[in-house]
Amino acid sequence: MPQTGQLAPAADEKLTEGRLIVRGADRPGVVSTVSNILLEAGANIVSLDQYSTDPSGGRFFQRTVFHVRDLDAMQPVLEEKLATHVGAGLGLDWRLVDTSRRKRVAIFASRAEHCLVELLWRQRRGELDVDIVMVVSNHRDVEEVVRAFDVPFHHVPVVGGDKAAAEREHLRLLQGEVDFIVLARYMQILSGEFIRDVQVPVINIHHSFLPAFVGAGPYQKAKLRGVKLIGATAHYVTEDLDEGPIIEQGVERVTHGDSVAELQRRGADVERAVLARAVAWHSEDRVIRDGNTTIVFAP
Amino acid sequence: MPQTGQLAPAADEKLTEGRLIVRGADRPGVVSTVSNILLEAGANIVSLDQYSTDPSGGRFFQRTVFHVRDLDAMQPVLEEKLATHVGAGLGLDWRLVDTSRRKRVAIFASRAEHCLVELLWRQRRGELDVDIVMVVSNHRDVEEVVRAFDVPFHHVPVVGGDKAAAEREHLRLLQGEVDFIVLARYMQILSGEFIRDVQVPVINIHHSFLPAFVGAGPYQKAKLRGVKLIGATAHYVTEDLDEGPIIEQGVERVTHGDSVAELQRRGADVERAVLARAVAWHSEDRVIRDGNTTIVFAP
Amino acid sequence: MPQTGQLAPAADEKLTEGRLIVRGADRPGVVSTVSNILLEAGANIVSLDQYSTDPSGGRFFQRTVFHVRDLDAMQPVLEEKLATHVGAGLGLDWRLVDTSRRKRVAIFASRAEHCLVELLWRQRRGELDVDIVMVVSNHRDVEEVVRAFDVPFHHVPVVGGDKAAAEREHLRLLQGEVDFIVLARYMQILSGEFIRDVQVPVINIHHSFLPAFVGAGPYQKAKLRGVKLIGATAHYVTEDLDEGPIIEQGVERVTHGDSVAELQRRGADVERAVLARAVAWHSEDRVIRDGNTTIVFAP
Amino acid sequence: MPQTGQLAPAADEKLTEGRLIVRGADRPGVVSTVSNILLEAGANIVSLDQYSTDPSGGRFFQRTVFHVRDLDAMQPVLEEKLATHVGAGLGLDWRLVDTSRRKRVAIFASRAEHCLVELLWRQRRGELDVDIVMVVSNHRDVEEVVRAFDVPFHHVPVVGGDKAAAEREHLRLLQGEVDFIVLARYMQILSGEFIRDVQVPVINIHHSFLPAFVGAGPYQKAKLRGVKLIGATAHYVTEDLDEGPIIEQGVERVTHGDSVAELQRRGADVERAVLARAVAWHSEDRVIRDGNTTIVFAP
């Protein structure tokens, strides 16, 4: 029978917060197993999101946020039990996150500053729970604005078309320093090798239309078809650049009266809003990748 | 330790589905207690939404959907355990719903048909999981359209201003027949006595503006201030008619070019969309009332 | 110098309303020429929308709504002046519409009723200023609902794959009877011959995604990429079916929790809203085609 | 008869752009009169928006953008004709604007920077066609961020509750220097005397809810009713602070999961977007005030 009556922590003890992400083939007893492990650790579940693609034979996803007296001390015990009962016992992937350790992010940018400034500014306001450890750019256009936010700036140009050399420099700068990367309108295509070697998730933002306009000059093409909505998509980068799992999307209405330049400006507004949401949700472990799709437990 | 390895139901058995709603003062162990009760009953959780206003000393809300072999047979056992461990043990309100029993609804309307037709049509399409057992109106304007949907129509006029007589007739028609009532632009104010005596939730839809325009002719007043958005709010009716807990809201953009009649038309479009969502969510037990607020586990 | 002081019509005379659409290469004096012609006819401009892609060497579009004492009597005089000064003089296309003559429309449908019912219902409510003269379908599924609205229904099945025979029957039914056609989820591709021969505009609605998912099963593909928005596009049909000039678009948010069936249901909601707006705007001559784009003077 | 065949300006001449705003009691011949005056001046109309509340006896509004060879030189002639034929002849208000002279704006702020930074940043990006000539604040919190944009900052505290002294200082700073004022979350109520004496339009932004929650702590009250939408309204300030004519509005969805702090954060996002649009539209003379309403010829 379930235990109840667990005592609440004394008022003078500092509560710590953890997040537990569980993912895998659905089977009976997962919620029960996880909540019993937390209960035995004296943790109090403060938020639980769960999603199953199909009760029998589908995929299972759970994000649990809990408060506990001293996560640092508890972590080895918790991890041992999760490994035994959730990992080995139920055959599921799991990940335990101490929310007091903010994720470290590198932002890649080129010449356009709109997405970059949005992230720098929201981080300073306390709306993005990350540390921006560096901005990397193949141009110097955004250097001044980055330094005004007291964030390290690295200029890594692609010299003589040698993208491989630039990517080696990127890897050297990033190694062990970041938990994820954001491409904030970075206009270089990352190589498949880089994406494999960097070993952290990479988030990209790009414009989106209904219908899609492929190739060069999409805003021009959209204008010529009379589109009434323009949008943006934030997604994880896979080796197939614009085809990774989608994190978030947005649109804005436009009219025949918008010039191509105005379409681009409105597109920029959607891009910065959508990217900011995607980065916030990723940093709070609200986005679970599963193959080429995502489960997003948005707030 | 949690039990695992529960067998999945054999393929030839018919799965039944239940919903469990839990609400009350938050305390450690609730998720664990509930999931263990379901696990012991051989149930598989297919969806779980949980929300806590504050981990220590706040309010707790949980909606769990589960599949089980034969809910009819299991129900007494489940209810006994819920009463013991969730009700008495944890001091929480709980409610168990067999989803194969559709909620029965009465729709009240007056002359305007837009909200009424939206509900009748969505129900026929299979988008609202309810039985519309009757339409009640103080006018005959909508009678024909209701009959075209094969739904019983009751004309209950307010004769000589005797609203009490009309409400007695309403109570006679509704007694034991419905699980909730929808006011689909019903233009009579319900008395406090009726709301108490009817003993089922009543959902209302009304127009909303930013800012609010109180009193008669709100569209005219909105026009005179140059409002750019008009909206609608679906809420539970309390004795203070337009002040009950909000279920859902929506808005639509308008311009100076919209006449008062066009504002009303656009308002009607928002009303039918918002009311349809509110009715769908209520019928699926996605809306939990708590004092004058709501927790809405929207899909 | 401009003439002023034109007398307003006497109160006992019935005002008639006209719309004048002008389109062509931009050049100085167009607005002046048009407004002088109307002024001389005693007309009062009640609404004027004008758009120019580029002041020098661009394209010019104007929609003017005016009130005049007796448009029937004035029409020959007005048309003669427009032909001389706007057509021959300025080299522009022009079109004069008596708004008391409602446009006649044929709706083509297949099995899905959501778009069809939306149009029938809005027309009955007085929100679409058209006469629905017939509904044509290759199935009988929607026959009953159409007859309930007192609209003629024609069943024109494609027998043995002989689409040409069906299209001949369509042309026979439509000839001289309609001003435009709406494909309300009509699931047959119209031949290029039909589109040429029918000689009236054809409006289509289809689902849209960001990004686009081409080929069969788009909702399934969208689900597998984790899309967060689904949309719909209303456009004029050209021989390249889904590539004609866009009239209107809309989107709705979806989540990972929406099944493929629910994505389709939400898609249906967007489709009916977008198609209703497109049909309303076309019927009020608010949509001007120009090559493969549209100018939409939305209200 | 209208003149046509006006020659386009020679390619080597610099085109200048003007805007003409006309407002007043509707009567026949206004469009014609205005366009003839422009035609005679060799101007080419590039954009014309017109709106009439009621063709007979209503209010008339027109915004015309035109290109002309040398507006500086033409202006006296144009103004004389407008005064004679539009002002005296037709009894209408009119205003001629040389678009090469950017409007000068002062921004008032307090401690919150979100609206202020949005305006500074969009202006730097070239998205707001204004000169920000000063930022005035009753606190020093935003001083550093303002100086980073090279904009003069004036600290005008309210000392010992002497608001009148602060307002005298405001008037001294503003006199002759600005074309309009933006209150970007300026938390002091302006006196009626100040609003009269400053003699330029003042734009304010404030949060809006459906329904309205009056008095202190509106976000807290909204939370307690379970609101699902929060919004913002940009309006002209009249002596009745939050009741002036509305320029623009926006909303964002919220859920029960948003804390009061998160509601405020989302409210801040809507505020900056709505205020940026309002300032852009005002600066381009797209907003015409008429009594307590507005005509907004949005792009």
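When the chains are written out, they are named A, B, C and D in that same order, and each has its own residue count from 1.
Throughout what follows, a contact is a pair of C-beta atoms (placed from the backbone, for glycine too) under 8 Å apart; a residue touches a chain by one contact, two chains touch by 3 or more.
Because the structure is a prediction, the values reported are computed rather than measured.
Interface comparison, A-C versus A-B: the higher number of contacting C-beta pairs is recorded for A-B.
Centroid distances built from C-alpha atoms place A farthest away from chain C.
Counting the residue numbers used at the interface between chain B and chain C, over half appear in both copies, so the two copies meet with largely the same residues.
Rounded to whole angstrom units, the spacing between the C-alpha centres of chain A and chain B is 35. Look at where the CA atoms of chain A average out and do the same for chain C: the two points lie 43 Å apart. Within chain B, residues 51, 255, 257 each touch two or more of the remaining chains. Within the complex formed with chain A, the residues of chain D that make contact are 114, 117, 121, 125, 127, 148, 255, 257-258, 262, 265, 269, 273, 299.
For chain A in complex with chain B, the residues that touch the partner chain are 1-9, 15, 26-33, 35-39, 42-52, 55-56, 67, 85, 89-90. Residues of chain A that touch chain C in their complex: 51, 208-212, 223-229, 231, 233, 242-243, 245-251, 255-257, 291-296, 298.
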